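Comments concern the structure below.
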Amino acid sequence: MPDLTKPVLLTGASGALGRQLTRALAAEGFSLRLTDILPFPDKLPANARFVKADLADGVAILREAEGVSSILHFGGVSTDLTFENVLGPNIRGLYHIYEAARREGARVVFASSNHSIGFHERTEKLDHDCDMRPDSYYGLSKAYGELMGRMYFDKHGIESVFLRIGSCFPEPVDARMLSTWLSYADLCRLVSACIRAPKVDCSVIWGASANSRGFWGKDARAKIGWQPEDSADGFAGQLGGKVSDNLVTERYQGGIYCAAEYSRPSPSPKDIFGA
Amino acid sequence: MPDLTKPVLLTGASGALGRQLTRALAAEGFSLRLTDILPFPDKLPANARFVKADLADGVAILREAEGVSSILHFGGVSTDLTFENVLGPNIRGLYHIYEAARREGARVVFASSNHSIGFHERTEKLDHDCDMRPDSYYGLSKAYGELMGRMYFDKHGIESVFLRIGSCFPEPVDARMLSTWLSYADLCRLVSACIRAPKVDCSVIWGASANSRGFWGKDARAKIGWQPEDSADGFAGQLGGKVSDNLVTERYQGGIYCAAEYSRPSPSPKDIFGA
Amino acid sequence: MPDLTKPVLLTGASGALGRQLTRALAAEGFSLRLTDILPFPDKLPANARFVKADLADGVAILREAEGVSSILHFGGVSTDLTFENVLGPNIRGLYHIYEAARREGARVVFASSNHSIGFHERTEKLDHDCDMRPDSYYGLSKAYGELMGRMYFDKHGIESVFLRIGSCFPEPVDARMLSTWLSYADLCRLVSACIRAPKVDCSVIWGASANSRGFWGKDARAKIGWQPEDSADGFAGQLGGKVSDNLVTERYQGGIYCAAEYSRPSPSPKDIFGA
Amino acid sequence: MPDLTKPVLLTGASGALGRQLTRALAAEGFSLRLTDILPFPDKLPANARFVKADLADGVAILREAEGVSSILHFGGVSTDLTFENVLGPNIRGLYHIYEAARREGARVVFASSNHSIGFHERTEKLDHDCDMRPDSYYGLSKAYGELMGRMYFDKHGIESVFLRIGSCFPEPVDARMLSTWLSYADLCRLVSACIRAPKVDCSVIWGASANSRGFWGKDARAKIGWQPEDSADGFAGQLGGKVSDNLVTERYQGGIYCAAEYSRPSPSPKDIFGA
Amino acid sequence: MPDLTKPVLLTGASGALGRQLTRALAAEGFSLRLTDILPFPDKLPANARFVKADLADGVAILREAEGVSSILHFGGVSTDLTFENVLGPNIRGLYHIYEAARREGARVVFASSNHSIGFHERTEKLDHDCDMRPDSYYGLSKAYGELMGRMYFDKHGIESVFLRIGSCFPEPVDARMLSTWLSYADLCRLVSACIRAPKVDCSVIWGASANSRGFWGKDARAKIGWQPEDSADGFAGQLGGKVSDNLVTERYQGGIYCAAEYSRPSPSPKDIFGA
Amino acid sequence: MPDLTKPVLLTGASGALGRQLTRALAAEGFSLRLTDILPFPDKLPANARFVKADLADGVAILREAEGVSSILHFGGVSTDLTFENVLGPNIRGLYHIYEAARREGARVVFASSNHSIGFHERTEKLDHDCDMRPDSYYGLSKAYGELMGRMYFDKHGIESVFLRIGSCFPEPVDARMLSTWLSYADLCRLVSACIRAPKVDCSVIWGASANSRGFWGKDARAKIGWQPEDSADGFAGQLGGKVSDNLVTERYQGGIYCAAEYSRPSPSPKDIFGA
């Protein structure tokens, strides 16, 4: 049972999602610790403090987390980059986040991504216990974070919610987002629910609004106490069709991340752990 | 279909398993490229060359792999260490191995570990498609490697066999190894089969001999064309009982790796992705 | 014989010369891979892709070079800086460029510099086989690159053209440039010729337009199939006289690079390898 | 004119040549500053002090050089290794050596190598002003050092002798050394002469004894005041024939360094700066 | 006795105080070497040169200091940051400054800070030989610099003046500055006096104008030949009262640096080296 | 009031003093956490665990300290080395130790050294509140540690005892040790007293046995509850005279550390903060 009187740490506070969450959580009355490697671009809410810190500086991150009840981990790189650019902020950064959570007995709400499962085909309806099939070094770092969260749960009882976020933007801007869009408002309600839920164990949430074209099925939303309220469906008229003529982009859930540098010699069915 | 006239690259050649493999594969007539961060302690077989290299030096690793048909990745740290000590050789090293494999169109035979799934209970009989539940930073690095292999298979068609090795020693030395032991001879036959199999896709093999007390079930051995020939069963008389009185050690497949620094507040059942 | 249907890699694409080359080579119909540590400031031509990468990240550079016929190496620092600032991008970067060329069997067109021979006196008319006499850490890195190119030619047959560029600017802006100026148009024609020439072996080109006051003589231009078409001569009226009153600046081909931190106790003739 | 009452700095003092030089120069009465990254294995002579230091630690090297008249630079890696292993000790180390020499107005005696010119054919008789044609990353680092020495001579008047050492061993052990052998006694006399010569400018010495089968011709020995006194000729009987059947090894002056990883597609004549 | 015809090195030249000093010292006719990690934002005075350099690059700093009579060390971070951000520029940087001073026999004028003694109470009147009681990682780095200066004085006779600067701004902006303010004009006169004084040994100066509310007493100003001419007293009307309601801020000389992350369990008197 | 049922962390456990302390404290019944960068060479006592860790790995050190009541900081380099070799283990290491202590509310017993005050003359009788006058980079790191301890006491109430150890060896081996010797038994009793004392505030102890020739006077031993029981006096017969003929060695308390590289131009009296 989280102690909601304690502050909440938000990494990546200066990013697009971090700024939304800062505003929403401050409005709910949470005391916030904000951190990012870039300056915070907005006026700081009351009850918030901001510290500029690098996720790779473990001792600084551990200090920033002292006394918090939850860590909302939205920091690190958020698009696909070269391996070396992902390694420091995302892989090493996750270790510091989980060590901080262990020290504090805090809950982690981790901004994972659909790119941790991007190589499932769009025709599959995935539940939360599907295999991970990352589609990029970025997606691999998210999958790594989920596995680290499992280990800290198994070994230390640290709770996590992995938000496999689809496409979180002001509004959907291409056909794929009719399936994957998560509205800012749904995101903020989701994160608030993750902080407040009495018990989350080690759970996955599909981070998408109530889109009738969605790729994803069962998850832990009942336990968290969240339901999306928005939907991409109203944008269907203006966003019909395909994102591109690239067959790989259109076939897999990860879209263009799957197609980037794709070099499979044949399009024949993949066989992972098959008969 | 691998071209068996091309050389095979073996990382970690100077370790215990690497030395066994060097001897066995040379005897089978393979041309070998050996590499390790430590000098090779034995007489080099004919048709083998050794280069001292750090898995973190990507350009050197890529060069060492030129022209090979398979990469047997047994390098990196092989016990649980601090996160920082695992990160360089294991995480960054895997990236270099898979980039090399992609350049060469080579197959990867990756010495993964039971510690990538160590937090499953011993009462479970695991098949190759079970969830990964790593028990240590070491186990996490192995799970990361398997996910990287999946991505290179999905995106580039690079084949992998993940050997989830149990306990590979001259003979079993404690009660747990009655379940997990892999004899040196079985290991060498397994790796040889992985190199020679016409097609391996992206497969898991449970790296254990034919132990009647084994934890593990279905895997890709039929596709690989391998069956263990040895068994720990003959050691049961002298190794009965438990490894320790620690309940965590005895409950989980990963044994003492699970118990190390275990701090779960309660022994109640874990709930990952449960109802 | 280069395969002109394959793409061409250009490093330093976001610099002044890189942008000129991008425009000119795209107009000639080449497929371009562009890279730089800074973003590309212009609209990308069709048939061009840009990847932000650090020349010190070898595995990324090797990947960027896959499948190219030529590498135009215009990246790295391009003025004299402290040794430490030159070492990474220029020295380590050259190694990655030549490893990439070896992997691809590609030709290297290397933006060397007159500063690799800057300590020859202006009264000498230099041919392509003159001694290297660098005038700065920057010039040393260019000389190092030429020697590396020779080694890759001798050992691996990798062809190179070393462009010992004088002063490549929109137009000459001081008296020395009446000797050293290379027009943008001449540069673009030169690089195009280097890419297209059937055979270049390991050659030097003096990178200057047809300036009657030029310092430089024989080189491989006949083999490359290039003649400068522009000349600084028309600017002689407005740029007469000296660059400065510094005797060192005026005496040596490298100009102010030679004079920077010059501390020779006496102006007596230098004796390198003399009788 | 060197001040012979001042101490002499010797880097690489713990290596085979360094130990010979330490003994010989101490016996001549020189005050010695010895440094190496490894401990000095012998009893320190009177008038010698040893400091363990890394050539990559510039401030420490500059301090060690305070007050010396000459720097004998025999440190760094002395065989061919991967590029990354050569870069730090040899390339960065040279910068620290030359900065130290500039600060002290000291003379540098640099243990260069025949591998800076190894790709000349054995049929050529080379003089000191021949082109550099390195045969390895190691040879490249030596060539770089010579060019750096030229720049410090041209710009700051710092004198250097580049010893292009052939094969310096207790006695010749293969056929190539009938051409390249330098006896320990000849080396020690040579280095002593380099320290004592009134004026050395920027000179090359071919570091070989008086071998009648030698590859090398004119150099600065008259200016230095040195003549070899030993010869490999007496070993010709027992060392006849070839080093190997490898044509590259036998054709080029650099021997097996040239042959290592040689991949030239055709054995046709090389053309560097040809007509 | 300093040789005032030699140039003066100023680090941190691009900062607020550095720019004031540059203008004032140039006007006095000093020849200036300016350096900073950021570009110099103003027009360079005659007789000044600027080099962009990192205080962590020791060989570059040593070179910049060649031939100077004094080093005015105003570089490094100047507010409290995380330990890792202070370590490089301030701790390592100080070593390079003192090594440079030793090489040149130069005097060091070090911009220390009141934060090296910030945990003394405001009711104490401190003399120059008071205990150091730093209040932050920043203050610790300044105290470390003073101790390093003592060692170089004791061991090598290098003279230092440690300026324990209070608050150096155009004018005082809060109540505490009525005690700690140092006017730009007083700073410039102070530094000039430090350069010119015949002998400074190893001295402390309290860097404050003639503020009647000042915290500080005896120091070496008579030896330096400096008296402040400005005073914060005229601002007392508009700046009365307290900086904050925080008792720690108001009790200690270091002000908000003391209060930042203050976590002493009880406000009882501290006991350092007490009876 | 320390909780003596909690474990005690000892860094530098594999060193000479660390091994003595391990044995003695285990015999007293303390539960021990041992750490060092080198393996522990002895049999581990019951109730002790050893982890190999680098003091520069902050997150690992913080983890090792979880739940301890005291940290005995005997790790880091323990003789004078180059600055760069001292910086990592000693300066950065101290930060990690104090952050760990703050997290745990633990007491720090810090193996400081007489070299933090080594430039006081032997004729002075020093009390605990004397000025620090370090004699080496090593001594500077110890002084830095004491200042860091003061800051953590002032700001966070973390208690420290700084043991300014003289010469801790099995027995005195030169004349200076007649003043500075600390017996192993006295050390072990001292450290035990530091752990057990109800309250230590921020204190200095002179780490010497009851030597009648001692340099040092008042300190906090009454508060700690410790008196030395051994004495160097019995060795005076065999160790009379001087350590060396070097006047600096003999004049200052730090002995040969003061004399190393001493270059003061004149032996005139030093003037730090004098009239």
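Every chain is named by a letter (A, B, C, D, E and F) in the order it is written, and numbering of its residues begins at 1.
Keep in mind that, in the parts below, a residue touches a chain if its C-beta (ideal position, glycine included) is under 8 Å from a C-beta of that chain, and two chains touch if they have at least 3 such contacts.
As the structure is a computational prediction, the values presented were derived from the model and not from experiment.
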Chains adjacent to chain A and to chain F under the stated definition are B, E
Relative to chain B, the most remote chain by C-alpha centroid is chain E
Separation of chain B from chain C, taking each centre as the mean of its C-alpha atoms, in whole Å:
48
Distance between chain A and chain D based on Cα centroids, please, to the nearest Å.
58
Averaged-CA centre spacing for the pair chain D and chain C, given as whole angstrom
30
Where chain F touches two or more other chains simultaneously, the residues are 59, 83, 95
If each chain is a dot and touching chains are joined, what shape do you get: line, ring, star, complete or other?
other
Which chains touch, pair by pair?
A-B, A-C, A-E, A-F, B-C, B-D, B-F, C-D, C-E, D-E, D-F, E-F
Touch list for chain C against partner chain A, complex:
53, 57, 59-60
The residues of chain A that touch chain B in their complex are 83, 87, 91-92, 95, 102, 119, 128-129, 131-137, 139-140, 143-144, 147-148, 150-151, 153-157, 201-204, 220, 258, 261-266, 270-274
For chain E, which residues count as touching chain A in their complex?
82-84
Within their complex, chain D touches chain E through residues 58-59, 62-63, 66, 95-96, 99, 103
